[in-house]
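Notes follow once the structure below has been shown.
We call the chains A, B, C and D, going by the order they appear; numbering starts again at 1 in every chain.
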Amino acid sequence: MDVIEEGIGRLFTDPDPDKAREFFRKKSRELKNKLTTVTDAVKTLLNDGDYFAIGGFGANRIPTAICHEILRQKKKNLAFAGHTSTHDFQILAAGKVFSKCDIAYIIGLEARGLSANARRYMESGEVEVTEWTNYAMAARLKAAAMGISFIPIRNMMGTDTFKYSASKKIKCPYTGDNYVLAPALYPDFAAIHVHEADVYGNCRIKGITIADLELARASKRLVITCERIISNDQIRNDPSLTVIPFYLVDAVCEVPYGSYPGNMPYEYFSDEEHLREWLTVEKDPEDLKKFLDKNIYGVKEFSEYVELNGGLKKMQELRDKEFLVKNKNAKK
Amino acid sequence: MDVIEEGIGRLFTDPDPDKAREFFRKKSRELKNKLTTVTDAVKTLLNDGDYFAIGGFGANRIPTAICHEILRQKKKNLAFAGHTSTHDFQILAAGKVFSKCDIAYIIGLEARGLSANARRYMESGEVEVTEWTNYAMAARLKAAAMGISFIPIRNMMGTDTFKYSASKKIKCPYTGDNYVLAPALYPDFAAIHVHEADVYGNCRIKGITIADLELARASKRLVITCERIISNDQIRNDPSLTVIPFYLVDAVCEVPYGSYPGNMPYEYFSDEEHLREWLTVEKDPEDLKKFLDKNIYGVKEFSEYVELNGGLKKMQELRDKEFLVKNKNAKK
Amino acid sequence: MADFNTMELMICTAARELEDGATVGVGTGAPCAAAMLSQKTTAPNLVIFFEAGGVAPMIPEMPISVGDSRTTWKANMAAGMAEVMETCCRGMVDYTFLGGAQIDMYGNLNSTRIGGDQQKPKVRLPGSGGANDFASFCWRMMVITAQDSRRFVERCEFITTPGYLTGGESRQTSGLPKGSGPYKIITNMAVMDFEPESKRMRISSINHGYSEKDVRDNCGFELLKAAKVSETPPPTAEALRLLREEIDPYKYIIGR
Amino acid sequence: MADFNTMELMICTAARELEDGATVGVGTGAPCAAAMLSQKTTAPNLVIFFEAGGVAPMIPEMPISVGDSRTTWKANMAAGMAEVMETCCRGMVDYTFLGGAQIDMYGNLNSTRIGGDQQKPKVRLPGSGGANDFASFCWRMMVITAQDSRRFVERCEFITTPGYLTGGESRQTSGLPKGSGPYKIITNMAVMDFEPESKRMRISSINHGYSEKDVRDNCGFELLKAAKVSETPPPTAEALRLLREEIDPYKYIIGR
């Protein structure tokens, strides 16, 4: 297979499916209770130097508790999938937990503006980067989920995004046209927040799934945080709703409001005030330090963080906002 | 991209995504009422010589009414995707509507035995064939659904299935390992039976989806038959349940019991007596002719076929069977 | 001149480019506002796709994120990123609206970095996100951006997202889907399109109150000019009302 | 000798090969019956995958099709074909059980055609279905088939499904996933496995009531022999009861 052109970026993970198969061969397939705490899940499943990814879309359906815990446990030299990452990236950059990064979208919080601290970190030279696009990263996870080493895609061609990626360009033997090959990405660790899971790890998600179904399948170790635990009977009563099956999952943690301050579709909207506070304190490293000490390093677990920022009263407001209770344009 | 080895089978469709894109560019994306009859859908959307595919899994969630109508309209020289096909294949072979066939699984009805007539047809030399596997066919549809010309797969290697396929073998530029490339399959026409659809074509399916989600996306023209029409409001109230979106769909037909004599999960079980009758009459071409005249050629529309074979009373029995009303081993 | 700001002007101009029954992939901000306005005016059957998975929603208010709940409010489907991008790649999505820190004469965009080098940039920007994807797969790419010679540059420091690459046939021969490419560039001063052979940017219409000289003075490369350059119609009062009252009442976008 | 038929014997023998907590991809018929029996005896946590999409159901009675409702009865997930096959391809599925019209000394299977040629076969068979897929992707492939020299042939007329291909390292060098391949061949007379170097089939244990000569007389190629050949344990009374009363009360499979 002749390579016409290839990116100069580094590939941070091995795309070889036979090596992944050796791992998956030994992974438990048992239907067993995997309920644990966020602290223990991060302690036992994420190692310094691992390649990891975070589910959701930046500030939507993200496993915030896991991100905070990664900071508290001072994990280091991680490689991160900067894919549809916004607030999660902001948290992780604040802890400087990663030193390598695949980039599709980083440092921004979409319409909210840019994270000053994440930007400083990415301009410091401390993080080695390889460029991709959102779909290229989704395709890389998809290749891994399919158990193959690459997937052909039709983007990135002709751009510097390709040049600084670790992809290769070849000609299709059927049509003679050029394709970029997205190499499979098998993260060592991933965390995904879902609406409902049983203790075995069977998961349900409402609303968009982003790249999480691919991510769950591609990852060697997977932690699920969920708004609510449901019974395995409920799962079995409607197996069509299971989007992540139990055998992919290593740990299940019940974390109500677990996407806060992000949006959880059909549950609560994002806390825009608190996210603005993040963006504001980041302008001054000292302010950020105090903020992190208060909100992350100084708390034991995620529920304290929720309490610190308004607790159940705030959560009710965010639920009202999610359901557009006060929006006159929304047809109910 | 060096081809190490390639199959000698013929590729019945063009895998070029740019040609498919030209078609899809002109396809309507409008949210408009697409309700029509099975007769009109087959008349206007399926042309002699087309490549077509049937959703479901042989005798499970199949659009039986469409298969019958294809016979009644005496379509000819079609090319067929013999993928997870059993009772649908049996019907279509009885009408000799296709003269080319991609084969993954044909002529059998799984544990029920083989179709004598379909076997005769496939041994007659009248049908040109290319070999594949179930997953290879699913991968071909997946490639088309992704808008690319091929997907790498790790099966078929070293076998005659590969030799008589139209796939090519190459080396992965990342790992140096061999892969078979499954060429994209863009059917001209497909029919899929679902539980619920709105008049625009937004569809819901309960239970397994087999390769239908890929098929719906890969196909140029798509007819949906459904057990029940539901309102667009219902669709919009839970968009997570939409698995086939409206813009893929050209026609929607409400056909209650539309998978009969096949199984429709959560609705009715297969009619094993009637399927046995099919297998029995096929042993003698004269018996088969009479049977087809009575059940297909002699009826105007699908509901007559259901009436001929027991009508609502039979349907109720099959519903009872589906829900294991009389099975003592099934935990309710 | 009527009473509207630069952002309002650009959004109203962009909204007119979408025809009824078309499909469009949009990002947050001006692109989404333009699509919403188009739906409420000339293109009620416009089908909107969000890269995170929202398909054909009834957007009740400006989304803050392309993945937030507003993008699936009363949607026809809530899917995933691959679903949306692959629908684009199959050729089912007609338009996309993008932005960027830099744009060159072939419509290439930079949203990755300015200054420094790859491993230590002077100014790091977010990167492609879904921009390279949408621009590669959708038939017609449009850009909404302010006319400014620091944005309209001779050469992007980093090509994040493909326009016509180096012009001529280069986009197609690179392997990007045939027939796709930049279509319109919408600024506060003008609307630009692309000369069919060279694929270089050219002035197509100039906004009321601006001259050709204004446009050229605020562009860092030589612009070609269409055979006929018209005046871009100004926003209608109704479009402005919809934009201000229904689409962006909190001025997330039009207050910038 | 206890009172059981050939099919019952093979199913009971096969069921013992699956360990608790393992995953298995099964087809209809004997493979499914074996997996169900295994679940009710030695491997209650056996996870069963059906190629059409059913994952880890509580199978209430013999499915007639690998895609019928029985395959998702109280299942943990109802997915699709790609989901199941890709789970196998990722290395998450330990075993598969298959059948075939012909099998050779390397465990290659024919279920495509016998006689004639490709475009006009004398006897057309169904083709691969998911057999080639499961045999390529799952770690250990097992076959349940009657011992008969018309089935155990020197050379399959058509290799539908890969075993060890031409033996030795040929399976791995072909590109099939490393470390996967045929594991046990279960017949009414014996259990065969494969010699580690040559990858040729060899007698591993002989069923009660049969001799090595019986096995060889009913095999069309030369069988190797393991260093120690044991006697295959006969079905237990409890296994037979479960098979007859709970798994296949209508004798769809065991009545053949």
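One rule holds in what follows: a residue touches a chain if its C-beta (ideal position, glycine included) is under 8 Å from a C-beta of that chain, and two chains touch if they have at least 3 such contacts.
Please read these numbers as outputs of a predicted model, since none were measured by experiment.
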**OP:** Go through B-C and A-C and name the pair with more C-beta contacts between its chains.
**Re:** A-C
**OP:** Between subunit C and subunit D, tell me the centre distance in angstrom, where each centre is the average of that chain's C-alpha atoms.
**Re:** 57
Original post:
Using the average of all C-alpha atoms in each chain as its centre, how far is it in Å between subunit B and subunit C?
Top reply: 40
Subject >> Distance between the centres, which are taken as Cα means, of subunit C and subunit A, whole angstrom >> reply: 27
**OP:** State, to the nearest whole Å, the distance from the C-alpha centre of subunit A to the C-alpha centre of subunit B.
**Re:** 37
Original post:
Residues of subunit D touching 2+ other chains?
Top reply: 58, 72, 74, 78-79, 82, 89, 137, 177
Original post:
On subunit B, where are the residues touching two or more other chains?
Top reply: 17-18, 146-148, 153-154, 177, 179, 206-207, 239-240
**OP:** If you connect every pair of chains that touch, what shape comes out? Choose line, ring, star, complete or other.
**Re:** other
Original post:
Hey, which residues of subunit D end up touching subunit A in the complex?
Top reply: 21-23, 45, 47, 55-58, 72, 74-79, 82, 86-92, 94, 137, 139, 177-179
Original post:
Can you list the residues on subunit D that touch subunit B in the complex?
Top reply: 28-29, 51-54, 58, 60-69, 71-74, 78-82, 85, 89, 108, 112, 116, 118-133, 136-137, 158-162, 165, 170-171, 174-177, 246, 252-253
**OP:** Sort out for me which residues of subunit A touch subunit D in the complex.
**Re:** 17-18, 20-25, 27-31, 144-148, 200, 202, 217, 232, 235-237, 239-240, 242, 245-247
Original post:
Which bits of subunit B are touching subunit D when the two form their complex?
Top reply: 56-61, 82, 84, 86, 103-108, 110-112, 114, 119, 122-125, 128-129, 131-136, 138-139, 142, 153-161, 164, 169, 177-180, 206-214, 263, 265-266, 269-270, 272, 322, 324, 327, 329-331
**OP:** Would you mind writing out the residues of subunit A in touch with subunit B in their complex?
**Re:** 1-3, 15-18, 146-154, 168, 170-175, 177, 179, 181, 183-184, 205-207, 239-240
